[in-house]
Amino acid sequence: MKTLAIAVALALSTSAFAQEKSIRIAGFGAKSGVVRSFGINSEAAMLAAADVINKQGGVKLADGSKAKLVIDYLDDRCTAEEGISVLRRIYGTDAIVAVGPTCSNVAEPLFGILQKKVDDKGDSGLQMPVFTDVAIKIGLAKISEWAFRNVPNESIMYSSLFYWLKTKYPNAKTVFGGVEEDFAHSRASWYAIMKDRAEANGYQVLGNSKWLLNDTNFATQVREMKNANPDIVAISAHPFTTCGVLKEMQRQGVKPKVLVGLTSSSSLETLQGCAKQAEGMIIPTSFAPVTKEGKAAAETTAKFKGAADLHSMAAWENMFILKQVIESEKISGDKSQLQADRRKIRDGLAKLRETKGLMGVTKRTDDREADKPYLFVHANKGEWKVLHNPL
Amino acid sequence: MLDFLQAVSDGLLFGATYALIGIGFTLVFGVMHKLNLAYAAASVGAAYAGLLILQLAAGAPPWVVFLCAFLGGGVLGWLVYVTCFHFIPLSNPLAPLMATVGMLLLIDEIIVHLTAGMPQNYPAMFDDVMLRAGEFTLRGDLLLVAGVSVVCMIALLALLYRTRLGLATRAVSQQAVAAQLCGIRVGQVNAMTFIVTGLLGGIAGALIGASVGALSPLLTAPLTVKGLIVTVIGGLGSIPGAIVAGLLVGALENVFQQFRGVTERDLYVMLLLFAFLIFRPSGLFKQ
Amino acid sequence: MDFYYGLAQTVGIHTLLGLSAYIVLLTGQVTLAQAAFFAIGAYAAGMLTVLAGWHIVPALGASAMFGAATACAVGFPALRVKGLMLVVATLAFGEGVRLFFFNFDYQVAKGEIKVGPLGGEGFRQIRYFQEHGWSTGEVMLFVWVFVVLAMAALWWLDRSRYGAVLRAVGEDELAAQSVGVNLTAVKVSAMTVGGAVAGIGGGLYAHYTTHIEHANFNVLLATFAIAYPIVGGLKNVFGTLAAVIFVQAFLIEGLRFLGDWRNLLFGALIVAAMNLRPQGFLGGRRA
């Protein structure tokens, strides 16, 4: 009798302490070099979101059981070769989806090694769903049907910004641009987006000056700006050169009516480098801690030592979107069904027409991009404050 | 015409920063006949070290920061010497080169780790001073850099030609074995050379940070390449050569940019280097 | 398994890069131009398979030829420049080639989209392997066929009289010349062979990453190219292979579990390796 009781107790306890089921999500991005802060913040956001989800019980699997989310984060050093190697490494683990990369110059080659069309038997590309949080250069997700992005659509944001500027500053008629020529994102953002959308909204683009990513002398470029005497100056560059140009503008006394910046420069870096000179710079962004969810996400991410900005908060949103997809597509969580699970994630992400973001509802487009709600922030006394919220 | 003159003068002034870096490269090459590829990285690193003083004394004036960078440069210079040159026997000429590459990567990584890669605001002197003559402008802070370069050159030449250390250094650079036979401690002289160039590099890094307005790891690579080009054009081992070459490269670079745009600018700087290598391989001033 | 095949591909491609520098280093020329030949091979092979629809093997053959031709053209002026000036000259050449590709646009419409190199944005969709259904394992074997061929060819060259002549020139040019060695022929031919190997490596690289841009072929890659034979030792081709495995497999991938420390260790271990084994892993003298 006693032996039976012990046996029953053991059997019950084994099922009570049943193997903690887990679903692995791998993040990857740049944790090295000048873009190190992006990787740190994305990782923190993913860990924070997973923590919240796990504390609420985790995700529900196909058989009704609950699983905890396990997060890995790998450093791709913002280089194509390592990005590809990292994704292959992730493919070899039991991760069902990869969230990343940070750098657009990694995303492009990375998406290139994925299978282009889903059921193309002749295409030996990698079959792994990738859900991007940060890499923002326009038009990358259409490279592969396994690539999805949750990044703001700069074309829509800048179009809206220039339209709004027309109402706010009716006397401003001309635009002059500044472009970082040798970086994929900033270059595309001027020619294909800022210039294009400014002209579409009736502005006269007087021209643009160019510089390179690690230039330090902007005298000639700012002189060109001064000679053009524009009402609006739009700078499509990252914080280091943006600050360099702004300081030179101060030196030469170039004071346009409006200063517009690049999406990814609406971060701490710019303020740390040149808060005084950037005063008044307007940037469209897809995140500011103005909603209840946004504030909560920012606070939780801060606990994991990360800052909340449009990039890291996209990673946070990705986690919750993935939770939704895992549950709606009935992921088995069974290691022997790994590839089938990955396919389900891909199909689930492809089916989504809208997702819940921290700023409101985000629409998803047919080419696997996101149409995120946005607002305009401006640099005000050393902080990015909301200038105009179209929502 | 005015635009051209302005471009030339802007470039000349900015070239003073290249001149400062070039002096350090050329001195090490002239004395030890070795290339220290970690020099620009150590200079930028020293500039960062200068910022550390602001952690302890928040409102410190710029010159205190520059002084710390100066001293930090000396320490880093000595470190580079010990890790890359002191222990490696002369029979392996390539090993020190590769070791300095390793130090360059290490210094860059340490900077990135301590600052999370973000640009750090740098205190500047005279950065709001702009001398004007009608439409023509000259940056005050760059004039300071140019002035400091000249002072450094004079100080170094005085060191090399008027002191015992300078005598020993020149002896070692000409005939290391004979110098050793005369009782000169070659190891010590080499270490001192690195410390002196390191001190110089510290000032260079600080002034470059001040004129750019911010420090970033992005500064290292272009300064290394420009520094090497300036060293070769000026003549390996010639200090006045490094200064003139620095100003020349700075001015021409800006002129190239004016006429052909920023994407082709560096291509022409390379062609300038090749022109020198073909027509005047010993550089502007023979050593 | 895919990950290991991918890693093997990376090791193979970098070995080709290292071998291209190895043969030139044997003649005593320190060259930072190998990344440039690598780039030329990459763009050439990419354009041939994507824009002209060639099969990969003749495309790689063309890469080898373009690499060799450019290297030959560089080899002649390189003769005039000695020692560390050659380092700077080849560095400038490498940067020049990179800047050329930065400005290089050649797009052709295929269907509704345009393909081909687009200056600063790079050259995307070089998907020969994926479009023809090659698995990662098959690509790995393909890459290694070329690596083994290159290693075998260089090993055989090394064992032959040509190898002895190469090393003689590397040891002491004057002595070699005085026994009748034609310095020009030796140095330029070594450069040419190096250029061919680098060209093939570049062609494979383009198809491995599917997207190439000018920034991939920068000074850092050129430095890696000479780092492999220097760290591995110039004794024979296996030294270079050992160094590539050390850097790519151990330092970059193997140390990933160290997280942030990995990058710091990278530079530090190179410095340590050069101090502990200045002649390289396998040593310098041929057995």
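Going by the order they are written in, the chains are A, B and C; count residues from 1 in each one.
The definition used in the following text is that a residue touches a chain if its C-beta (ideal position, glycine included) is under 8 Å from a C-beta of that chain, and two chains touch if they have at least 3 such contacts.
For clarity, every value in this text was computed on a predicted model and none was experimentally measured.
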item	value
Most distant chain from subunit A, judged by the mean position of its C-alpha atoms	B
Contact-richer chain pair (by C-beta pairs counted) among A-B and B-C	B-C
Intercentroid distance (Cα basis), subunit C paired with subunit A, Å	34
Averaged-CA centre spacing for the pair subunit B and subunit A, given as whole angstrom	38
Distance between chain centroids, defined by C-alpha means - subunit B, subunit C (Å)	30
Subunit B, residues touching no fewer than two other chains	109, 112-113, 221, 263
Junction residues of subunit C, two or more chains touched	102, 120, 260, 263
Multi-chain contact sites of subunit A, meaning residues that touch two or more partners	32, 181-182
List of subunit B residues in touch with subunit A within their complex	3, 6-7, 10-11, 14, 109, 112-113, 116-121, 127-128, 130, 137, 139, 208, 211-214, 216-219, 221-222, 254, 257-258, 261-263
Subunit C-facing residues of subunit B, complex	29, 33-35, 83-84, 87-89, 92, 94-99, 101-110, 112-113, 221, 224-225, 228-229, 231-232, 236, 263-264, 266-267, 270-271, 273-274, 277-278, 281
Residue ranges of subunit C touching subunit A (in the complex, touch as defined)	1-3, 6-7, 10, 102, 120-122, 124-127, 129-136, 208-216, 252-253, 256, 259-260, 262-263
Touching residues on subunit A, where the partner in the complex is subunit B	32-37, 40, 181-182, 210-217, 219-221, 223, 239-240, 243-244, 247, 251-252, 268-269, 272-274
Subunit C partner contacts - residues on subunit A that touch it in the complex	31-32, 74-75, 77, 80-82, 84-85, 88-89, 91-92, 105, 108-109, 112-113, 115-116, 121-126, 143, 181-184, 187-188
